[in-house]
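Look for chain A in each of the two complexes below; its partner is chain B in the first and chain C in the second.
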Partner chain A sequence: MLSRNPDNYVRETKLDLQRVPRNYDPTLHPFEVPREYVRALNATKLERVFAKPFLASLDGHRDGVNCLAKHPKSLATVLSGACDGEVRIWNQTKQKCIRAIQAYEGFVRGMCTPFCGTSFFTAGDDKTVKQWKMDAPAYGEEEEPLHTILGKTVYTGIDHHWKEAVFATCGQQVDIWDEQRTSPICSMTWGFDSISSVKFNPIERFLLGSCASDRNIVLYDMRQSTPLKTVILDMRTNTISFIFTAANEDYNLYTFDMRALDTPVMVHMDHVSAVFDVDYPPTGKEFVSASFDKSIRIFPVDKSRSREVYHTNRMQHVICVKWTSDSKYIMCGSDEMNIRLWKANVSENLGVLTSREKSAKDYNQKLKEKFRHHPHIKRIARHRHLPKSIYSQIQEQRIMKEARRRKEIHCLKHSKPGSVPIVSEKKKHVVAVVK
Partner chain B sequence: MSATRAAESLLALSQQEELVDLPKDYPLSASEDEGDSDGERKHQKLLEAISSLGGKNRRKLAERSEASLKVSEFNISSEGSGEKLVLADLLEPVKTSSSLATVKKQLNRVKSKKTVELPLNKEEVERARTPLEQEIFNLLHKNKQPVTDPLLTPVEKASLKAMSLEEAKMRRAELQRARALQSYYEARARREKKIKSKKYHRVMKKAKAKQSLKEFEQLQKVNPTAALEELEKIEKARMMERMSLKHQNSGKWAKSKAIMAKYDLEARQAMQEQLAKNKELTQKLQVASESEEEEGGTQVEELLVPVAVNEAQMNADGPNPWMLRSCTSDAKEAEIQEDPEQLPEPLAHNVSESERDETPVAEEEILLKEFEERRSLRKKSELNQDAESVGGQETKDSISQEVLFELRTLSEKLKENHQSRKQKASSVGTVPQVQREEPAPEEEEEPLLLQRPERVQTLEELEELEKEGCFQNKELPRPVLEGHQLKKNPNNPTDAPKKKKEQMIDLRNLLTTKSPSVKSLAVPTTIEEMEDEAERDQKQMIKEAFAGDDVIRDFLKEKREAVEASKPQDVDLTLPGWGEWGGMGLKPSAKKRRRFLIKAPEGPPRKDKNLPNVIINEKRNIHAAAHQVRVLPYPFTHHWQFERTIQTPIGSTWNTQRAFQKLTTPKIVTKAGHIIKPIKAEDVGYRSSSRSDLSFVQRNPKRLSAHHKKQLKKNSID
Partner chain C sequence: MERAPKPGRDVPPKKDKPQAKRKKPRRYWEEDTAPTTARASPGPPRNKKRNQELRPQRPKTTHNLKKSRISKKPQVPKKLRKRKNPEPQRSLSGAQDPFPGPAPVPVEVVQKFCRIDKSKKLPHSKSKTRNRLQVAEAEEKETSVKAALSELLLAEEPGFLEGEDGEDTAKILQADIVEAVDIASAAKHFDLNLRQFGPYRLNYSRTGRHLAFGGRRGHVAALDWVTKRLMCEINVMEAVRDIRFLHSEPLLAVAQNRWLHIYDNQGIELHCIRRCDRVTRLEFLPFHFLLATASETGFLTYLDVSVGKIVAALNARAGRLDVMTQNPYNAVIHLGHSNGTVSLWSPAMKEPLAKILCHRGGVRAVAVDSTGTYMATSGLDHQLKIFDLRGTFQPMSARTLPQGAGHLAFSQRGLLVAGMGDVVNIWAGQGKAGPPSLAQPYLTHRLSGPVHGLQFCPFEDVLGVGHSGGITSMLVPGAAEPNFDGLESNPYRSRKQRQEWEVKALLEKVPAELICLDPRALAEVDVISLEQEKKERIERLGYDPEAKTPFQPKPKQKGRSSTASRVKRKRKVMDEEHRDKVRQSLEQQQQHKQKKAKPSGAWPSALDRFVR
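So, the complex of A and B:
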């Protein structure tokens, strides 16, 4: 005689989910590893099937895009400055240009938006820093900057503080400005070479860094009048980004621990040409880099190899790249006047997901992670198509690198033990650290 | 002579044909093509025979089998030209002239005319003086060998006369007719097969069944062994039907009938018919169970007596197919044999009574029923054997009672007989005789049901099973038993298949045998017995189902092969002819071979060495290896760490919903369309606004890094 308690199987309202009794006895569900393996394999394959990262291309510039800036308050708004001095403001969702300003005669060297999001600063070739209103001018109003600061030297970069009304410019020296004043609060120099970029640290509020063409990266404290310390690398660093990665001319990116600059934490090396720009998403686990080799790559912070490479036929040398502040998209501006929008995760479904879809996605993600060392899964997950030029250059550089390594080994072998030091890859690129 | 021979062969052929035709006519087999080809062949033979009838030494013309456009001397085969060419043949004209022919005819006529024979001459010839001569004459007379004209025997002459051309033609026509008839018949069969009427088919089926039954009965009378085979066939068909699980009222037809039964009388009838059929088919199970119970009851008794006697008794129980045969042959003998009732009854009675005390009363009833059934079964077989025997009409109950006692006494007697015989080591042939006599008393009984003989078969089989089980349990030396069985029916041709059946799965080949359960003889363990019975039944069923394939032996063989294959091979480096003479039939010397044979080292012991029913393949499977991780991945320091991470499943199949959710939450969750702001130091719980952060960093670098990470995480969650 079967007797059941109806409470166990009758739902209270018809909107409730049906209770499904389940038996979790492991003997009833055998082969867990092989089954999960197959699921992982399928998930990996599906990921590759649905890997379509390119979303849109914003065109309208009449020259190469030199700099990009994110709006601090609005996700959809992007600002871009071109090599012909034009500044454009884009709406990403509509994929349209909202506003175009002819700001300079020459290059727009740098752009930044203060945290309030009502205005933005541009730095140009004509030794001026201009502040513009974010909103379009009213009818009949003329398109002109709010303020214009005339400097003594050419400004090559500009960045705004994350919390305070302070911004920094770089050129011959690093100047720190108050928004309200026309003269810098302080200016700091290191050597005589021009400084290509300056960045504020988003968390350590008084900290900023710059990189100069004399191959060094300098850290400054806003409260002191002299730079804190500097690290000299093999080759010139084009940009830095906090949490502290430097995009170098020697095709590599170096992630540093600010406290110990003598050894980079990680050397990221997948690019086959000079790296121009690097940007972190707000989650800080990965970063994106733009390179002269017409591709952008996404690196995990703790991996030396990239997890993703984006390229298109028409994309030329990528000058600038930005990761949007919701960490979902990547924008890149390139030589051929376009701004491209990419997904940060290649096969991500952008629409609204039901809870089941979400859980399935999470599960698949976990499975891929769990089985990522298995050869088949690894092979499939790693497979990427590359343009021939990049591919052949990679091969070439591999050969070169191998040759160098071989030579090193030979040197080591044929010299007096101890006379030739063994230098690790990380330490190799750091020339000196100066405080 | 050749003509006569041909005629003879023709006669033989026709006879053979008739023989062949007879059985072919009534099974309605579909082997028409075969028959056709056969007929053609025969026809061909016939034609040949006719053509060779010409009387003269007509040599068979070789056929030119290859097709060729030109007919040249090179193409002509010399087959059939065994005879030598005579010059006279060549010299003769192709056609004999007509004038000569008439003369020849006349001559022939004259020759054929019998001349009047003189009596004296005959007498002289016939007279036989010496005993040898007499003997020879006798022989000649017997064979109708003509003494005077020794050319042709009368039989030969008759055959010569019998086969004229017309007759051959007639024969041919007959054959043609037969063939035509056959084709008509086939056409008719086809037509009938196409008839859709179910009723027609049903009626036909019934008629056929009746017919076959009748034939079977006939056959039983005439040829019991054939009948037995037929019986087996029928039984098999019945089993097939039973296995098919038809008549369970679950088919489409049955369901529709069940619906219609309310309104339709016919449907109701059909339903009932089906029900009856179902009952009839399923009845076997009941019978089996009954027998089991009965056996359970008698087990005690059986255990008390020696096995051999048991066997004998069991054999005596049912109408053994061997017995059937022997009954027909030695019916008289059986009658001559002493009657079982005349045997010392009181003693047996006592014993049986004591036995009865042990067994419950209900069991006796079952026994009774059982026995009745058996008797009726036997009755049927006996009825066929001697239909004329008429028994006295007695009430059923009394008969059955009597019969029960008879059985008891008989068993007792058998026991005694057997023991005495064993002591005396006298002939074994008497045992079957005793068995034979047993069915005799119950010959006179009421009419029997159709199914009975079939059930006998099954019962027998069950008993066979029982016996086997007994052997197994008691672990008796098997060959001896077999020998015993052989001895029991030494001149029985049907013995062979039986033995085969017993050897379906050899005991020695069993991988794991249950240890025989030791039972105390005194305690009646009916329940256990029944369970055992059921188990055995099951086993037997499986055995029967997989009679053809000996799985265990195959497996053992496979394992042996695997072991052989995995053994390391010796390397033989001997070069024949190196340092000694070489060539055909010369082998390198043993010494040399010994010297250059590199013995392979003993591999590690196989993993499945002590697992008799497992083959572990120790070879690396490349297909699987392609999916396996070759190197220990980076963060892990030991392989078991990695294995453990892999072995814990994370799917919802293996985990509860909550655990699944916990396991699959990603490290970083971001909300789409929301700006993630950088974390503040205050957020993570330390105040650094007043001091320089960097200094703090420098002082306490480690803590910061930890904080940093936390900050990051929190930031992401924001």
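So, the complex of A and C:
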């Protein structure tokens, strides 16, 4: 005969926690799946309710922000260069400008910080590369660069090696410099076109890539001091970022495997205007892209559609974007002189979580993952409010794409079988690979 | 400097100095050499002792009667644990693990927690999907083993009643049981003498703590039956057909002669629902917050009690409805009709999900067990039948009762009770999973009037019977689930806990549209629409984008890439593929033949000759 002692089930004093005996027998928990589904639905709805990604706007520049750089040692410090030649250093936690330097007369074309974090390099319109100290000058000292390298051509981009005191610039050719010298170690060219960006590979550290206005992306090996191979796309690539994604003018981003350039691993398409910048967080699972359509988007590396789109009323064409080194925040610099700070996960709760909050968050995350394909949940999770301009452009482009595809299908159907090749979307945009 | 002896070393370091004569002080890291018999056999005896220690100490309730005994010891002796490697392993400190290796888990317990049906395979799944499924299966196995291990922490064990040397337990009287059990349990047996207000219907709340009953002549009362504290007692001055607690004890739905009323635990009328009129039976679906009402007018109405809206009103087209029960596994409502059928209803469908012809005469009572596997029905043909609800709704066992059962109910552990006139019979099966065997009753009891309502109390070994003489609370050892889940339904919950639970439960209210025969269908892949989509896509594109590209031989060097050799290689692969196809189709044909060869059923029927 079942006889329970109530003392085993009721707390002794008011100060104790309530006793909760558990029994995980599935017959005592009926409707497990429908209840989990409802929980997942609620979690998805709450995620959309709390989706407030915008954190702060840093204003102070007197012209459009042209480049951004992360500090390698301090998470809070950000550097930005504007179109009027001003370089500013910001403290993100205080959301204040620490220091402002009038570095150039014209554009600040590129900026990079070496791994030591004591100085930074800027490249400008006046054919110079300047090295600056990270700390502010002492009282009475003048604000002037540590070194100035005078080049022969205009430099349009600069990037620093991840482990060695070497940096690379690009302009008409890709130059690799030692920090201590005033002349490049080597210069590499491929054709005669202006190169818009150069980036070092963080893993294969001797490799670097560049993209030029003649539509090609070139990979170089620093040790051989020669270009390795190049891939020519449909349209010009604006920037590349390692682990190798190219931001293209044809509104798409292409993720490549460096070993096989003839087919991109993934074509990311959601932007409705040229993509200007792309950056990876340290996790390497996602990346953020900035576009001329006044929005930034976050793409998973293995998905062709974006997971998130950020926009505000006041944000204009976004020129540069960076994902912070703790992979929690995103910064973007745009035409209308502001740097904006966003959360990387829209509904993330900033600040310290208690263990119960954390476990509830994890549980909800798992549920959302489990039921993400259900149409009702999918619709809620995917819904984003878009500004009218982007929305209408998406509709327009959908119609255009549909028409193109319809024509393709008709061609295929009404021609001799095998005479019209079926070209996949991935292969469509690659013109040639040259080694 | 003397070093501590190494743990693995058996021989103590030699000492030839006079100190050696002195008895060496024993260190805890050294091995105990003298009485090691206990350690030498780390098998069952020690284990047994441990098992005994593990059991929580309870006041002794076992009194040996002359003939029978009622005790809390488990029916089946716990399996002695077997160890895979009996050789004890040495740890760094020299202490040895008496229970090396992972803890043993019985397979059938693990099986209980398994949720993935491995027999179902996805058609044409890609290797990526298959890998993901494999990972999910491995994870599920691990979690189910862990859940099975946590069964060890359950504090209570189910009660049982055992006759001494083959004695029939049905002959044991309630008075004997009451005499044998402890005082607290004996207090659960009581009779309420309420002859004045006629036959009673009764309902226990979901936690099993509260009891509500309503008499035919308008007497409605609710009480905490454990402490016998009366919550309210009113007379509604109208016939009471049925009574039901809503999701928690403060709300009470009463089907009165005219309309459906909702009262709170003070006896104050909160709502009068005029859209549900002439209601005969009530059922509450706790996870959907739906109150299902069956009426004389033949309508089955679902009322959402959280928002107060009628979700669905279904016309059963079968005349007066007065036999209703719910399937607690999938929230499907079973209605019994006068033409001998039982129909299964969900609010999402205008038509019944299924109709089962159960009896020659009308159906008098229906009950479904807590796992949703068995349905018991009784009809005017004096039959009591048990159906399997899993597959084709076939009767499993049947029995003719002298009077026929007017009321049926299942307990949490699968006991079946039938009320026949003023007698109550209880049948038990083998454990929780099996159906009750109708051969021999487990308990019987005679009441002071004909039975009008029956329900087993959840989480207590108690059966509540409402009859024309009042209410009787019977003791039925082994009826209830001994270990409740505190977050699901806690009989000992405080007011604050109940309020918290209420909020949580409302947040995860399952929509009424999700009621269907298989509640796990939501977690399965919708293969049909997937195939349909694929077909549509192929039609739209004009080609199959996922089709396997035909084999193209790779160009080889050193003159081996001649056209002839390439064609040869190509032919080889094509032939191999063709052979595979033929093999598969042959296998399918054979399987088909085997299926046809065996007609179902043990007895050959005269109609078998027409089976092709």
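Just so it is clear, the second predicted complex is superposed on the first by the 414 of 435 C-alpha atoms of A that agree within 3 Å, B and C clash if a C-alpha of one lies under 4 Å from a C-alpha of the other, contacts with A are read in each partner's own complex, and residues count from 1 in each chain.
Following the convention adopted for this analysis, contacts are C-beta pairs under 8 Å (C-beta built on N, C-alpha and C of every residue); 3 or more make two chains touch, one makes a residue touch a chain.
Remember, it's a predicted structure, so these values are computed and weren't measured experimentally.
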Item to complete: Go through the superposed model and pick first if A:Lys407 touches only chain B, second if only chain C, both, or neither.
Response: neither
In the superposed arrangement, which partner chain does A:Val20 touch: chain B (first), chain C (second), both, or neither?
second
Is A:Val33 touching the first partner chain B, the second partner chain C, both, or neither of them? both
Touching A:Lys303 in the superposition: chain B (first), chain C (second), both, neither? neither
Look at A:Phe206 in the shared chain and tell me whether it touches chain B only, chain C only, both, or neither; answer first, second, both or neither. first
*Have a look at where A:Arg382 lands relative to chain B and chain C in the superposition and call it first, second, both or neither.*
neither
If we overlay the two complexes on their shared chain A, which of chain B and chain C does A:Arg398 touch? Say first, second, both or neither.
neither
Counting residues of chain A touched by each of chain B and chain C, the higher count belongs to B
Check: So, A:Asp326: does it touch chain B (first), chain C (second), both, or neither?
Finding: first
Touching partner for A:Asn42 - first (chain B), second (chain C), both, neither: second
Interface residues of chain A shared by chain B and chain C, listed 24, 26, 29, 32-33, 35-37, 39, 370, 374
Counting only contacts in the complex, chain C reaches chain A at residues 56, 58-59, 61, 70, 72, 112-113, 115, 147, 150, 154-156, 158-159, 177, 181-182, 184-185, 287, 328-331, 370-371, 432, 460-461, 475, 477, 480-488, 490-492, 494, 497, 507-511, 514, 519-523, 540-543
Within their complex, chain A touches chain C through residues 1-6, 8-10, 18-39, 42, 370, 374, 409, 412-413, 422
Chain A contacts chain B in the complex at 24, 26, 29, 32-33, 35-37, 39, 72-73, 75, 162, 202-207, 221, 223, 228, 243, 257-259, 281-285, 325-328, 350, 359, 362-363, 365-367, 370-371, 373-376
Given the complex, residues on chain B that touch chain A span 626-630, 633, 642, 645-647, 649-656, 660-661, 663-666, 668, 670-681, 692-694, 697-698, 701, 705, 708, 711-712, 715-716
